[in-house]
Amino acid sequence: MPKVVFSVDQSKPMRDQQVPGHNRWHPDIPVAAMVRPGEVFRVECREWTDSQIHNSDSANDVRDVDLSLAHMLSGPIGVEGAEPGDLLVVDILDLGPVPQETGEAPGQGWGYTGIFAKANGGGFLTDYFPDAYKAIWDFNGIYATSRHLPGIRYAGITHPGLFGTAPSAELLADWNRREQALIDTDPDRVPALGLPPLAENTLAGQATGEVATRIAREGARTVPARENGGNHDIKNFTRGARVFYPVHVKDAKLSGGDLHFSQGDGEITFCGAIEMGGFIDFHVDLIKGGMEKYGVSTNPVFMPGNVEPRYSEFISFIGISVDHDTNTNYYLDATVAYRRACLNAVEYLKRWGYTGEQAYLLLGSAPIEGRISGVVDIPNACCSLYLPTEIFDFDVRPNKEGPVKQKRGQCAVSS
Amino acid sequence: MPKVVFSVDQSKPMRDQQVPGHNRWHPDIPVAAMVRPGEVFRVECREWTDSQIHNSDSANDVRDVDLSLAHMLSGPIGVEGAEPGDLLVVDILDLGPVPQETGEAPGQGWGYTGIFAKANGGGFLTDYFPDAYKAIWDFNGIYATSRHLPGIRYAGITHPGLFGTAPSAELLADWNRREQALIDTDPDRVPALGLPPLAENTLAGQATGEVATRIAREGARTVPARENGGNHDIKNFTRGARVFYPVHVKDAKLSGGDLHFSQGDGEITFCGAIEMGGFIDFHVDLIKGGMEKYGVSTNPVFMPGNVEPRYSEFISFIGISVDHDTNTNYYLDATVAYRRACLNAVEYLKRWGYTGEQAYLLLGSAPIEGRISGVVDIPNACCSLYLPTEIFDFDVRPNKEGPVKQKRGQCAVSS
Amino acid sequence: MPKVVFSVDQSKPMRDQQVPGHNRWHPDIPVAAMVRPGEVFRVECREWTDSQIHNSDSANDVRDVDLSLAHMLSGPIGVEGAEPGDLLVVDILDLGPVPQETGEAPGQGWGYTGIFAKANGGGFLTDYFPDAYKAIWDFNGIYATSRHLPGIRYAGITHPGLFGTAPSAELLADWNRREQALIDTDPDRVPALGLPPLAENTLAGQATGEVATRIAREGARTVPARENGGNHDIKNFTRGARVFYPVHVKDAKLSGGDLHFSQGDGEITFCGAIEMGGFIDFHVDLIKGGMEKYGVSTNPVFMPGNVEPRYSEFISFIGISVDHDTNTNYYLDATVAYRRACLNAVEYLKRWGYTGEQAYLLLGSAPIEGRISGVVDIPNACCSLYLPTEIFDFDVRPNKEGPVKQKRGQCAVSS
Amino acid sequence: MPKVVFSVDQSKPMRDQQVPGHNRWHPDIPVAAMVRPGEVFRVECREWTDSQIHNSDSANDVRDVDLSLAHMLSGPIGVEGAEPGDLLVVDILDLGPVPQETGEAPGQGWGYTGIFAKANGGGFLTDYFPDAYKAIWDFNGIYATSRHLPGIRYAGITHPGLFGTAPSAELLADWNRREQALIDTDPDRVPALGLPPLAENTLAGQATGEVATRIAREGARTVPARENGGNHDIKNFTRGARVFYPVHVKDAKLSGGDLHFSQGDGEITFCGAIEMGGFIDFHVDLIKGGMEKYGVSTNPVFMPGNVEPRYSEFISFIGISVDHDTNTNYYLDATVAYRRACLNAVEYLKRWGYTGEQAYLLLGSAPIEGRISGVVDIPNACCSLYLPTEIFDFDVRPNKEGPVKQKRGQCAVSS
C-alpha cells in the first residue's frame, strides 16, 4: 500500500479532518502535502459532499442536498519542481471504495445515485423528472447491484469525477468573469445558469485569517470542468489512465475527489454516478514546458485505461436536435440531441417494466457510451447512446414478440 | 452475390441511371423495387453527390460543390407487408466500394474527404478553416492511406452515412414547418441555419408530371437526420449492424446511400468521411406494430456491428463549453465542448508537423470516438475525443523530449 | 481492385487453369508471376482440393475425398530481390469468397465443413466420430449460417489456411527425412502418421519433363505447417494481418490457398474450417537479412489483424491430459488436453439438442479460441476452449433450470 | 469488505495459522468454515508454498524450494446443501494481493516469478534453462514492473492458480492409480513424471490422529489440474469469472490458493506466474443435479471475466511439433509445438538485449496468449503465442533497420 499523503476519516465531515481539504478552487489554498516526481502515493477521499446521504429507501436526503458544500476535495498535493507551463503527468494506479468498514458512509460497501430536484440544480432530464430520487447500490468486489434497480449487474469502471491543478490568479479571475457574464443573461433562472463564488460553507483547507476570507470571496465553485481539469466526470479516467494536466501555479497543487464506482457518459442525473468515498493511488511526473511543447494550452490531455470491461453487444438509441414534444428545431445542438437519445432510451426501458425514474437512474450510472455521431448535418446534430445488453439478466433486445413487461419495483422517492 | 434490386452505373450521374434514384424525402416517390421480409438483396449507390470530385491535388472541385444536388439516394425499396407503426429490421450484411474499376468515380480504388468553404455550408470548424480543402484516399483492401496525409493508415469502418424510410405526408409537413421556423430566426446567416425545400435540381426517382412537381416543391432536403433515419452519419452502422427503422408509409420505402469508407464521430469536416460509391447488402424483416411495442416513436434504434477494428490505446482530448478565444461561457453546450476538443486535437497534431487543415481532415475521417462525457456540471458541458495511437506510423504519445516536428506535406487546397 | 497476378477459373480444376498452380512444395517449381517489393496484387485461389464437394445433404463426397490432390496452391509468386536469409513481409489486405457467381464451386455464396472418415485421415476426434460428415454454410455478407446447424450465426474471420515460401533443397530433404523417420515408427497406422512424397496426382505448376518428374518424386506434401509457413491454419491470419516469412530460395516463391470463411482454433474436424475458393489481396515487402536480424530462423512471425469480431462473453471448457474413458494419464500432453476440452464441449452441446456430429462440426468452424492454459503442472497439461455465447440465437449459458433440449436437425451424413 | 471465512496471518507459515489449511486433496479433510448458497465471503491465502522466497537478487531461494510443501490451500469451505452431482457456481468478485503491509512475504507490495532447477521439477524449457532463476515484481496498483526485467510494464490479470472441490474417495483412488501407472513407465526420470502421495510435509487442515495419517498416506498432491478443478493455472479465472465446479462430496468442500498477480498462458516457468499471497472474494450458488443436466461429468466449465486488459496489437510466434535441434518430428504434439513457439519468442527477445532467462521469465508472467492453432495437419501440430506489443516501452515490432539491441540487465540467478 503506497504512502498516504492525504488521509480521511470517513466517519467525519471533511471540515473536521485532521488536515481538512477544500471545496473551492484558488491559488492560495496551502499545500497539504508535497510529493516528488516519480513518487507513488495514496490520496483518501470523502464522497463528493458532506451532506449526509443514507443507505435508505427515502430520497429526502437527496432532495435536501446543500450544493454549496460541494465538492469535498482532498489536497492540494504539491509536486516538487512543478512550474507554470509544465504538464503534470498523473497515472491512476488504483482506485476503489473505502477498504475497511468503519461506519455507514458511502464507499463502505455501498454507494448511491441521486436525481436532484429541479429547484436544487436538477439534472439532464429535469424538465421530465423534476423531483428527487435515489438508488442505493451494493458493491460486491467489482460488481454493483441495486435493490432499487432489479435485473441489472455490472462491473464498475471506477474513476474520480474530479481532479485538477490549482488555477493561477489570472485564470481564476477569467473564470469568475465569464461565468458571471453567463449568469447575468438570465439571473433568475431555475436551475441557475452557473454558480458564482459563495463565501458561505467555503472550506479553504488550512488557510486562515485574511487568506481564508479571500479564498471564500474569490474561490471558484467546483461543479464544472475548466482549464485546470476539474469536474470532468469522464468515466474513462479509470485505473491505468494517464492524465496530462496543465500547471498554472508553482508546485501544481493537485486536488480532487468525487470518486465514482461507475458512471454513464454524460452522468445525466447530475449526482449521477455511483457516488462513494474511497482511495486513489497516483504516480506523478513532469514534462517541463509541456504545455508549449504539445500545444496543450487549455484543457488536459489523457490516455484512457484499458482494464475497463469491454462489451461486444449494445442496444443503441439515437437523438437529434429536435424537441419532438413541441416540434421545435435546434441548430446543431448536441446537448438537445443527446437528451433526446436519453429520453428514447427511457421510453424503451419503460416497456420492460422499469419506471421512468429507474430508467433515468440506470442510464446515469451504468457503463453507457454517449457519442457525438454527427454535428455538421444542418440543422440536426445527431447523438447516440450505447447500452450494453450484457448488464441485464434478461434479453433486452427487440424481437418479434415484443418485450415481456413485468414489475421491476421502484427507486427511492422523496416525500 | 445477392440479387441487385437497385443498380448504378458509376460512370453516369444518378439522373441518368436506368432507374434513377432521388435526392429529396417525400412519401410519393414511387417504389423502385419490391422485396419481401426475410430477403437478402444488394443496393448499389453513387457517391453522395453528382457534383464531380476528382482524384487530384486541387480542392477547387470541393469548393464548387452544388449542395442542391445532395444526397443521391438509391431507392425507394418497398418491403411487402410493411405498414405504418411497424419497425423495419435492417441487417447490414456487407458494404464496400465499387468492386470493379470502370472509371474514375470515387469508390473505384479511391475516395476523398472534403472541407467545404464557409460560404458553401462550411464544416464544424468553419470559423477557423473557412476555405475548401481535400484529401484523396487510396483503398488497399481494408486499409486507407492518403498522399495528402502521410504517416497514417487505418482499416475502414465502412458504413452508409444515410438510410431511412419515407416520411408520411404529416411528418414531412412537420419537418418543413419546424425547419423553416428555425431558418426564419436568422434568414441571412452564412452558413444557413437550414435547407428548405428547393425545386431546383430535385430528383424525384421515377415520378413524373404533377407528382414530380409536388415532390420538388415539398420534398425535404436530405442533409439532416430526422425521425425516418436519414443522414445519421453514425460510423457504427457498419457491417453486422442491425437497425430498426420506424415505418411511416405503406411498404416502408427504404432509401439511402452516401457510403463512407471511414469516418470519425461527428464527421466534422461536413463532407468529412471518406466518400465513395459502392454497394450495400441488406437483409430485411418486420416487427409488426413494433413502434408501439418498443416505444420507438421518434428515432430508429440500432445494434452496432462488431467487426470494426478495436483499439486499445488512445490519446484523448477534452473540450468544455467555453470559447477560450473570447473567454465566453456557454451553458451546457456539448456542441461547443466537442468543437473545443477538436481544436485541441488540431493544435496537438500541428506540433508533429501536420498543417491545421491536414489535422482537420484527419479527425473527420479517421476512426476517432467523440464522447459526451459530462452534460450536467453547470455551466460547462465536457466532451472528449479519442484518437487511436495505432493509426500513426510514429509514436504520437506525449513524452519528456517533446514531439519530433517534421514536414508532413499538405492537403489539396483551392485556388 | 488490384492487379490479378494469379487467376483462377472456379469452374475448372487447378490442373486445367491457364497457368496451373501446384500441390507439392519444391524449390524448382517455376515462378508463375513476379512482383516487386511495395506492390499490391491479387491472388485467386481454388478451394483446397480438386475433389469435388457439392452443396448437398449427403456426405459421400467428403467420405471419398482424395487426399493426394491436396492442397491446390496458387503460385509461386516471385518477389524481386528476395534472397535466402531475408524476411518476406506479407500484408493481407483483403480476402473473400469468389465475388461472382459462375457456377456451383465452393466460395460462390456457400462453403462447407467436413469430417473425414478415419480410414481417410480422420480428424481430431476420429476415435469418437470415425465416419464422414458435412455441413453446408451459406454466406450472406460477413455472416455464415448453415441449414445443418440451426441456431447459430456468426461473422467469418476469413483467412488463408495455407501460405508459404518455397523450401530450399536442403530444407526439403530435411523434411522428407524426418517425416519418413516418424512414419517408420508405425508404418501401418490408420490414420497414417505422415504423408510422404507421392508422385501420383502431383501438380508441379508449369514444370515439365525431368524437372516435373523430380518434383513429383521429392516434393513435400502440403498438409502440415513447416519452416516455410505452410498449412498453419491460424485463424488470425485474417485481413489486416502482417506475416514475416523466412526466405529460403531466390525470389522467395510465395504460394498458397486453402481459403477459409471461418475456423475455430485447432480446425478440429481436419477439413474443419468453412472451405471455399476466393481471392486474397497482398502487399509485400522485404527485410533484408531479417532472419538473422530478428532471430527468425525457423517459423514465421506474424502480427494478427484487428478487424475480426471480438466477443465479450464465452462459455469455456477445460480438458486435462487424462483419457477419462480408460483413466489413463498422459504426461503434459496438450494435444490430449485439448481433445478432452473438445469432447467436454461436445457433451455440453448435446444437452441442448445438437447431435455429437453437429457439435463437432460447429467447434471446427465457429470462432472458438483454443488456449494452452497450463503445460507445467505435472503430469497434467490443461487446455481450454472458449465458445462465444453470442453466436447462438438462444441463451447457451448454464442456469438453474437446466438446458431446454430441442431437436436441432442433423448434419449431412455418408451412406 | 465481505466476511472473512478463512483468515491468514501472512507473517506465519500455513501450518501455524489459527485454522491451518491443507496441501493435499482428500475427502476427509474437515471443513474449516461453512457458507450458504447466495453468500458472499472472503478467503485469505498464503502464497503457494511455505518455502520462503525473498525480495532479493539471488535465486538460491527458488533453487532450494521444497516441492513437498506445495500448495498451501485455504479451506475447505463447506457449502450448505451441496451434494455429489451438483454444480457449485463460484463467482470471483474480487482478488488482490495482501491489502496491508505486515511483513516481507510475497503479496505485500511485491511478488516473484521463478524458474525451477531441472533437478527440482524444472519448467517448460528446462532442457534449455536447467538452472534456477527469479524475477521480483513491484506492484503499483494495477501495474507490475520488475527491476529484473526493465522495459516492460503491464496491468495484472489477477487470478487464483488453484481452486477446486474435494474428490470423493473413489475419484481420489482413480487419480492415485493412474498417476502411479504413469510414473511407473519411467520411475527414475528427472524431472519426475508425476508426484505420488507423500506423507512428509503433509498438512491436513484440522484433521488429527488416524484421519490425518490416512490423509497423509492417500492424499493427492496438488500440482496438476484434475476432475475437481485443482491447479488449472488458467489466467482468465480473473475477477468477474464464474466457474462451475463438479461436486463430488457432501458440502462440496471448496479449497484453493496459489494467487497470481499475472501469468502468461502455459505458466511456462512452472513457478511462472507472479506469485503472491492475498485475498479472494467469492459468491457461491448451486445448480442441483447440474453435472447430469449439463453433461459436466469431468472437468469444470467456466465463463471468463471481462475486466482484464484487452490488447489490440501483438507480435506472434509460431511453433510446430518438430524438434529443430535434432530435426525430429513428433506426431500432432501440441506440447512440442508450443515449446517451439516459446523458444522462437525467446530468440526474438534476445535480439533486443534480454538474456534468455529474462525472456523466459517474461513469457511466463506477462499476459501472453497461447493458442492451439492447428492439431490435425499431420504430422505437425501448430501452436502460436501472442505477445502484446504495448507492454514494452520500446517499439518491439520488426522493421527494416533491425532491432536496437541494448543491455537490459539480468534476472536473479542462483549461485
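A few notes on this one:
Lettered A, B, C and D in written order, each chain numbered from 1.
In this text, a residue touches a chain if its C-beta (ideal position, glycine included) is under 8 Å from a C-beta of that chain, and two chains touch if they have at least 3 such contacts.
Everything numeric here is computed off the predicted structure, so don't read it as measured data.
Of all chains in the assembly, those touching chain C and also chain D are A, B.
Of the two chain pairs considered here, A-D and A-C, the higher C-beta contact count falls to A-D. On a Cα centroid basis, the chain most remote from chain A in this structure is C.
Remark: chain A and chain D have CA centroids separated by 39 Å (rounded to whole angstrom). Centre-to-centre separation of chain A and chain C, using mean CA positions: 51 Å. Residue positions of chain B touching 2 or more other chains: 306, 309-313.
Listing the residues of chain A that touch chain B in their complex gives 87, 89, 121, 123-124, 174, 177-179, 181-182, 191-195, 223-227, 231-236, 244, 265-270, 272, 287-290, 293-304, 306, 310, 312-320, 322, 324, 327-335, 338-341, 344, 347-348, 350-351, 369-384, 386, 397-400, 402-403. Of all residues in chain A, only 309-313, 390, 395 touch chain C in the complex they form.
Taken in their complex, chain C has these residues touching chain B: 1-2, 40, 92-95, 99-101, 109, 140-143, 155, 239-240, 281, 283, 305-311.
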